[in-house]
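Chain lettering (A, B, C and D) follows the sequence in which the chains are written, and residue indices restart at 1 in each chain.
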Amino acid sequence: MINVCLFGAGRIGAVHAANIARHSEVNICYVVDAYEPAAQKLATLYGATVVSAEHALADPKVDGVIIASSTNTHANLMELAARAKKAIFCEKPVDLSVKRVRECLAIVKEMGVVCSIGFNRRYDPQFSALKQAIVAGEIGNLEMLTITSRDPSPPPIEYIEVSGGLFRDMMIHDFDMARWLLDEEVVEVFATASCQVDAAIGSAGDVDTALVTLKTASGKLCQISNSRRASYGYDQRVEAFGSKGMAQVANQTESTLTLTNGLGRMSAKPEYFFLERYNNAYRLELDNFVACIRNEAVPVAGPMEGLQSLILAEAAVESLRTAKAISL
Amino acid sequence: MINVCLFGAGRIGAVHAANIARHSEVNICYVVDAYEPAAQKLATLYGATVVSAEHALADPKVDGVIIASSTNTHANLMELAARAKKAIFCEKPVDLSVKRVRECLAIVKEMGVVCSIGFNRRYDPQFSALKQAIVAGEIGNLEMLTITSRDPSPPPIEYIEVSGGLFRDMMIHDFDMARWLLDEEVVEVFATASCQVDAAIGSAGDVDTALVTLKTASGKLCQISNSRRASYGYDQRVEAFGSKGMAQVANQTESTLTLTNGLGRMSAKPEYFFLERYNNAYRLELDNFVACIRNEAVPVAGPMEGLQSLILAEAAVESLRTAKAISL
Amino acid sequence: MINVCLFGAGRIGAVHAANIARHSEVNICYVVDAYEPAAQKLATLYGATVVSAEHALADPKVDGVIIASSTNTHANLMELAARAKKAIFCEKPVDLSVKRVRECLAIVKEMGVVCSIGFNRRYDPQFSALKQAIVAGEIGNLEMLTITSRDPSPPPIEYIEVSGGLFRDMMIHDFDMARWLLDEEVVEVFATASCQVDAAIGSAGDVDTALVTLKTASGKLCQISNSRRASYGYDQRVEAFGSKGMAQVANQTESTLTLTNGLGRMSAKPEYFFLERYNNAYRLELDNFVACIRNEAVPVAGPMEGLQSLILAEAAVESLRTAKAISL
Amino acid sequence: MINVCLFGAGRIGAVHAANIARHSEVNICYVVDAYEPAAQKLATLYGATVVSAEHALADPKVDGVIIASSTNTHANLMELAARAKKAIFCEKPVDLSVKRVRECLAIVKEMGVVCSIGFNRRYDPQFSALKQAIVAGEIGNLEMLTITSRDPSPPPIEYIEVSGGLFRDMMIHDFDMARWLLDEEVVEVFATASCQVDAAIGSAGDVDTALVTLKTASGKLCQISNSRRASYGYDQRVEAFGSKGMAQVANQTESTLTLTNGLGRMSAKPEYFFLERYNNAYRLELDNFVACIRNEAVPVAGPMEGLQSLILAEAAVESLRTAKAISL
């Protein structure tokens, strides 16, 4: 039996808890959350105990930790867990500061523990199929990548204020997707952006609409578009253009029903948001973590993924500030 | 220079005139229509002369005739034209009576003239591509054929009354499509139908909604669905199911524009009716007729197509009356 | 806690067991199967005990039964379960004989127990959305229904021989779908069919390719097409044509990935077979059964659905034999 | 009768000649081309005379000119035609030098003649429908525009060498599309590019794969992707994302036929290249020119369109050279 401690009993913590609890050989033994009622609720559901972080990490029967608490606690918990020799699954981002991420990853590396970063999209069956098609040579050499990533609606301004900004908070997923599919490091980043969705986001010092272009050493190009608001739901598409063909992942829709009448043909809109769209990805991500704890797999997204994506996000911020392409 | 006489200066006559006049080496020399102003209008447009049928057919410089007049004149004009040794293009149906069609075709055959029947859908590029895919073996053995054929709105009751009924007037196109794609004669016909669109159609002794099933000697099956009214336009689809795959022709739509919003994804409806949908088919049909006159081609749909489709329509009428499958 | 006994530990029994075991307040207490190892395997998985049917039905703590054993045991088990006052979920068909079904249903009715028949497609989210669209008037009056239902590959000949034939075994699902969507009883049935997939199916006295047309008292028409083999997977589509529009349920595909190259645009094929396609339907079906046991819902498909669909299947068999439409 | 002189009897000249000759009230009286056989061939086809530019422009019966000769002759011919008071239709680009375009347009303006620049895509029915949807408010405020524009295969290196480079020769169409749809001038241009298709293009000092981002004063963003080679044909798509929805123009495909088998679902690839894809646009463009000559319309793309698009192309070249966003 594998024993796991859950840090963070919020929405995404509950998703991870449900997914890991599906494994008959995994037990959630502890739940840690500063907000006691949330911790207690999940603990009751899974027969776990609410304890402090220190208590949980000191218990030798704990094999791994799931860090789904607020971003500013991630790096600290990762260090503590690494020092306690626990396998780590941590939600992205590791931290909003590249310097802090480097420190943290040094300790994780030193302690040699399993470390999986929650870039859930790498586990999505649709994007996995795309990755496989590229690796299998079905499009020849990948030359241009187009990533469209739009949320249905912006988060509260209070969240925006502590999020680290659109590039570190939202586009970081797309930077990771780009790195994964390009399979080559990015050497140039350019960002342009504006505030078109809500002026309050601009007042908070952030942007809500952004375009970024990336270039690799061999000349592969990538364009990423983000918006904090799409009237039609969660827009998650990728197009990979290569010398022999083009592969595209379309949105998953709410149903296959269509209605045709005098106005035209109506089909369903995309699934609403990440919990619906990446339902399978979240499940497979935790399956991977369980397999990692058992030494049967390695993380699809490890600590370097957390660092490199943040470096791209920083470069985008700098590019937006200076109106220049940033070389890496 | 090829000289052609046009019988019938109505809507479809005008379409054929425009299509044949595109050929720089074809001249419309005569227009014949009981309604003088219509005849004069087309004659003026194409530099032709309005004459009587007798006059036109007696002129040795006339190479061919296009018969696009009312149905009840078709067989007579075909006989006269055949006897005058003119190449014939005649709109479907040849006649509403199988007996009359047989008589007419005997004369056409005896005179040995070119005779093309206006089953325009055989010339449509989409259905041609389907036919080619079947012939090329892309679906293996064809086993089931599904023909969906619905008009945007019913014709006037006065037209219904002289039309010969849905099976002879409308489904006859689908019977021809079935025969063409099945490439094997039909041995069993069953029809069921009702009047759901307009009670006045029922009062006129006709039906407006019908399903027919066909079977060939080797056991291939075909289903045809007709409605006199589709709220979304002209619905013209065919699905060919075979041992190795399925080939489908979808509707042509008014545009490729789509709009996605909180209601879903809206795309364009099918093109409105036959003049839009079969625009290319009408053009290619007349190209074929010109090539036939020059002995460079044979009609894609000849006189036997006119007869055999009518026989299937008669069988459908009889099946509907008796609630039995009719063997042929 | 609700206690359920599972009859039949084969493939579909395992699916139902997994779906019902998801409910934290449902316990599978017994498994009954003539083949002891299969019974034991499922019993171990769910902490149940392998017992005889008599033992299970005599236990007052058993609230309901899931009958997923071979077809020839269904009616008998239903009667025994009804007499033991257990809620019943039974796979279709209740029996291959209309007479036997009537006897069985009389007892079920007399005992007044919950009885749900496994017409899983009614629970499918796609077809539910279609049903809702029709009920909501989105297509106006339903006038024509087209049901396409093709299996990826035929079952073994040994199965065919005891299946009751294509109409009772396979098309029975489509008859139920037709009745559900038409929302009006069928008054006329016509069937045509052939053996095009495998001659051995013909030798076993069955057909493998069939078209059926149905008509209701008010004149609504329905066409059903079945094949025992579709090269591209499980083909499960429905098109509802009405006075104001057309609603269509397309196949669910294996992914949303497309590949465009010099050959064209390739997208994924339909999901392979019923376990994949109706994955959600099987889950929701058992959710409904649990809700029925708790008196919080009524079966979406009750005993009369089992009977009426079989009556349509019988009529289709008779129509095929006589080449006449059968009036009901 | 309107008399027109055609300059340039190459491929696009022939297209324009055919489209303008469709008008019964338009006469092509002269053809001018340095390559006499090409000029003679078109002249014969349309009953025109091969003459020198001077002769044609000196003839008072000539109402308008179609300039479809090589790029380096455009500006000069435009000036001569303007001074001769002829209505002008000129293929893009006016010239490869912004300075020269300004000079030329000053003369055109001074002479007050009709001047239409061949940005054919503005006349395309698909993009017209998109423009109308935006203007009608169907997507709310336009916030992001994505233009995908890829040719099936690169032109010969000799053409590349005199083309002015990808931004002036190819992306200029997309700059015009962006300006037209954004309906607001661009204030910032950033370009990144590489040579991935053919190293010889790089040796010729050009790029074959490029991404450009544009920004307007109000913060609207636009991304353009170009490739000189798409294995699947001519890729011409536009996506307009707005506050209330997203409108997309998809590629036109060669047919509506699909084939589904064990490999998946295959549909047709995009139409091959501009002559196929913009067939209707070329026709409507000349209809507009005829209407302009008659004072019944104004050019959809006038001389300023030629200038502004070239300014964006220049900025892209400069951005690529400096790796900085260029402010306008």
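Structure notes:
As a convention for this text, a residue touches a chain if its C-beta (ideal position, glycine included) is under 8 Å from a C-beta of that chain, and two chains touch if they have at least 3 such contacts.
Because the structure is a prediction, the values reported are computed rather than measured.
Simply put, of A-B and A-C, more C-beta pairs touch at A-C.
With centres computed as the average of Cα coordinates, no chain lies farther from chain B than A. Centre to centre, using the average C-alpha position, chain A and chain C are separated by 40 Å. Measuring from the averaged C-alpha position of chain A to that of chain B gives a distance of 58 Å. In chain A, the residues that touch at least two other chains are 231-232, 244-246, 260-262. Of all the residues in chain D, the ones that touch chain C in their complex are 231-232, 253, 260-270. Contact residues on chain D toward chain B in their complex (touch as defined above): 125-126, 129-130, 133, 138-139, 244-252, 255-262. Looking at the complex, you find that chain D touches chain A at residues 140-141, 143-144, 146, 148, 150, 188, 190, 192-197, 209-211, 213, 215, 219-221, 223, 225, 227, 229-232, 235, 241, 243-246, 323-325, 327.
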